[in-house]
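Before I ask anything, here is the structure I am working with.
For clarity, chains are labelled A, B, C and D in written order, and residue numbers in each chain start from 1.
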Amino acid sequence: MLEHGVDIVLAGSIAVVAWRVLLEPQLFRSMVLFIAMGLMLSLAWVRLAAPDIALAEAAIGAGLTGILLIRAAQTEAAQEAAAAAREAATSGWRRWFPGAGRIVSAAAALAFAAVLLVAVIDLPGEPIGLTEAAATEMEASGVEHPVTSVLLNFRAYDTWLEVGVLLLAAMGVLAIHRTYNLRSTRSEEHTMLVLTWLARIILPLAVLIAGYLYWSGTHQPGGAFQAGAILAAALVLMQLAGFRGVSGLSTLWLGAGLMLSFAAFLAVGFIGTFEGEFLRYRHATGELIILALELTIVVSTAVTLAALFAGAGSQSGDDSDAVRARTPPESL
Amino acid sequence: MSSPFEWLIFLPFAGGVITFLLPGKSRPWLALLLTVGTFAAAWWLASDVWREGPQGYALGGWEAPLGINLYADGLSALLLLTTSAVMTLASFYSLGYFSREAEASSWTEARAFVPLWLFLLGSLNALFVSRDLFNLYVALELLTIAGVALVALAGGATALRAGMRYLLAAFLASLLYLMGVALLYGEFGVLDLALIAEAAEGGTRAPVIALAFVFLGLGIKAALFPFHAWLPHAHASAPAPVSAVLSALVVKAAFYVILRLWVDVFADSVTAPAAQAAGALGAAGILWGSFQALREQRLKLVVAHSTVAQVGYLFLLFPLLTGVGEGAWRFDAWAGGVYHMMSHAFAKGALFLAAGTILYAYGNDQISAMRGLTRTLPITTVSFGIAGIALVGLPPSGSFIAKWMLLTATIESAQWWWAVVIGAGTLLSGAYVYRLVSAAFTPDTLPESIRPVPRVMEYASLILALTSLGLGLRAAEPFDLLEVGAPFSMIVAGVGT
Amino acid sequence: MTPAEVIAAAFAVTGGIFYLAGTVGILRFPDVQSRLHAVTKADNLGLGFLAVGLAVLAGTAEVAAKLLFIWFLALAGSATACQLIANASVDDDVTEREQADA
Amino acid sequence: MVMSVFLYGLALFLILNLIAGLVRVLRGPTDADRMLAAQLFGTTGVGILLVLAEAQGLAALRDVALVFALLAALATVAFVRARRGPGSSEGEAGG
């Protein structure tokens, strides 16, 4: 009985908080509400008995998203954009119909929710899918956790390309900032003792916990992406505390860190073609290969996410390239 | 590595990794080599398909439903060939385009450009051989992120804003598609397209809402009117080779997924009213895009708006295929549509490259500034003219054949209103192409300073333009290839079942 | 209910009361510096009692150790965070006063 | 059975606490207040996760709590570090 109470309160508050996040005129308030929503979403995954996703949501939602949003919200550009949006919302025809935009978007969202509800109700009642097939073949995959065997063996190709998506995001951010060298980014002052203290405590523990999640991924919820996200958060904390985090890496090492996992999949795939098909590794070596690939995912995820953060913060660089990037050329 | 599938995936992605890690002036040359290699792999796959019929490949040795399977029939093979051909020529072009030694930025641009470029090629290949609903999602994501990054590479506020808009639109589209995929998985319990097609046969299990999500998401990515607003500025602000492949290939990739799902997988589930609606949006796109192209003052924006119009033609396929009986016109319509995809890919690639050359030489791309182009850049003028002919669909271009087949299908299936739309679109495109060509042929005092243009840039666009023309002269082989694994057979259609 | 469950429930309820106190504190106290106490003292104690209760309930040393570790992490994190917030709010106050003087 | 009801009741109570804390985010008045509320969410969230781990019998949820506890302070650190110049992050009063 009470568990339904938990679910109803949780679902209702997620909807309300999401609504406030969207409508909140003040940027910072909206961001803090968004962080709270991330926590609630993680709880929702818990209630859906999906600890793998709850872990990912915790590592990325609680750690990195919050940091990125708060930093972004406090830049002057963001404040100006928010002010301009507020201005636009109260000018022109909207002055005559205050709240018209809200009503329209609310109606659209409700209609969408209703359609989605109908679609979900229409689904066949009995659980179908590939769960059983995955369980039958799990022995041949080399690991004992079904999620890992799907991600790292049956559908390793998808995972590889997803690693590529992450990599491309980082490459894109670095390309936009016109540097593959994060050493030029502004580093924080080393003044806050408390922060140094925190970084000294958190860093080793983060490595420990990431290692634990990585290792446990072979037989229980956990895994490489979550471990990588935690390490990334630790790297960002280092940077914020004034240490050289990922921005201490040279161009070559940064590139190697970003590429490691994608290249490792590529190499494993290539070797697999001698045995049969691309990405084939189902025999005795399966577990070793999966562990090795997961380790590369940990490293690359950590470096990539941390580089996204460092790259996004590199706007204050003063080299001529960055200046050029901000000045629009006469025509395009 | 004994299968062309392996090379198609391996070559571009390995190239992306290597060119990102190893600095050196040879980078663009390596990219060129790899695009040529990819073309060879596509040719290999196409000849396998030609001789032995549709090809399959089980990644990791795991057969569907558990694993991911690749698949190629005539349609995939033709699109793979088109992709690597256009990208090879655009790579040639970029050798010249990024060699601006004088500007400090050229090095960073080229350095960022080559790996992203190869990743884009890899994701296009991955998409055209995929036979898995979720794998298609991943390939689309990869494609989108590479595309956005390449747009933003141009630098400057305009390009960044355009890239951001592109990203947001594509992101919304991805989420819609993914939601549809989740619902389809809930309905069918598998992700493999062939298995879903089996389960959906007869149309008794038609998850309408899921399909609506999927097609809406893909429609946004394919810039179907009225979801096209992100396209013109994104395509016009990018560096020239990027503009070319975005308009020629990336938009088509999303359309390819629609086509695959519509005719191969859910043929019995889609309804005639839905097909008419898709056709109507396509028609609106043709008219609106052409109209905007007529009003624009900047060359690249004209060409970009024209893409919105040309994508519209593709959506006219669906009313000609769905719910109008089993007549011979169905193969005509289908093959005409696919041929239009290819022909437009080459023509639009040529136009964007030529526009980039003008921008490169003149420093701006105002149409009014194009005067005297015949004297300053004669080869570019010629490629402009030829690509223009192909775009309008005059004989002997490939578009002419494509439009002819579409027109035949509209008449035979007694849907004359689509013929009116095709006619009006052709007239409008004739008008905007004429506007450009006449500007080029207007003699005028030459601008004071013209930056010398590397020859390779001019010839790359010329070859692309000639290819789009050649498609009209040698149509037999492509059509035969297209028939391998095709949902509508020419022979069956000929018998008139 | 077994005696262990009764003890566990008692600890957990105590933890809940501290959480409630924390919430009341952050809502009712007059300024940032006072509200800091809600987090640093009440909530952390709440989590501590809760962890002890759940450890008793789980009954294994392994889980108990993990719960204690989690509590320690939360303590370290919130202690630092609150110190940082306190610093920031003091800066704010100083600025306000300077602005008032000017 | 009794224990299960008790644990879910406790979880519900903690969630309501969390929701009540949202009021402070809306009211402010300074950004520091809002950040403080976020910190409170972290501690409460860890508590909820631990209770649910016991109630649902999913040991893996303790790992989720562990990750939250580890990373809870990060947003605050970013907040303090990103403040540029005094007064710039001053929120408007009321809410």
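We adopt the following convention: a contact is a pair of C-beta atoms (placed from the backbone, for glycine too) under 8 Å apart; a residue touches a chain by one contact, two chains touch by 3 or more.
Here the structure is a predicted model, which means the values were calculated and not measured.
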Check your understanding: Common contacts of subunit A and subunit D?
Key -> C
Point to revise | Chain pair with the higher count of C-beta pairs in contact (A-C, A-B) | key: A-B
Check your understanding: Just how far, in Å, is the C-alpha centre of subunit B from the one of subunit A?
Key -> 30
Check your understanding: How far is the middle of subunit B from the middle of subunit D, if each middle is the mean of its Cα atoms, in Å?
Key -> 48
Review point. What is the distance, in whole Å, between the centres of subunit A and subunit C, each centre taken as the mean of its C-alpha atoms?
Key: 28
Exercise for review: Mind checking the centre-to-centre distance between subunit B and subunit C? Centres are C-alpha means, answer in whole Å.
Suggested key: 57
Check your understanding: Counting only residues that touch at least 2 other chains, which ones in subunit A make the list?
Key -> 192, 195, 198, 202, 205
Point to revise | subunit B, residues touching no fewer than two other chains | key: none
Review point. By residue number and range, which residues of subunit D touch two or more other chains?
Key: 35, 37, 42, 59, 66, 70-73, 77, 79-80, 83
Exercise for review: Give every touching pair of chains, nothing left out.
Suggested key: A-B, A-C, A-D, C-D
Study note, to complete from the structure: In their shared complex, subunit C is touched by residues of subunit A numbered 192, 194-195, 197-198, 201-202, 205
Review point. Can you name the residues of subunit D that touch subunit C in the complex?
Key: 2-3, 6, 10, 13-14, 17, 20-21, 23-24, 30, 32-33, 35-37, 39-40, 42-44, 46-47, 50-51, 53-54, 59, 62, 65-66, 69-73, 76-77, 79-80, 83, 86-87, 90
Exercise for review: Could you pull out which subunit C residues touch subunit A in their complex?
Suggested key: 73, 76-77, 80, 83-84, 87
Revision key, fill the gap. In their shared complex, subunit B is touched by residues of subunit A numbered 115-116, 118-120, 122-124, 128-130, 133-134, 137, 153-158, 161-162, 164-165, 168-169, 171-172, 174-176, 178-180, 252, 255-256, 258-259, 262-263, 266, 269-270, 272-273, 276-282, 320-321, 324-332
Point to revise | subunit D partner contacts - residues on subunit A that touch it in the complex | key: 1-3, 5-6, 9-10, 13, 17, 20, 26, 28-29, 32-33, 35-36, 39-40, 42-43, 46-47, 49, 51, 54-55, 58-59, 62-63, 66-67, 70-71, 74-76, 188, 192, 195, 198, 202, 205-206, 209, 212-213, 216, 220-222, 226, 230, 233, 236-237, 240-241
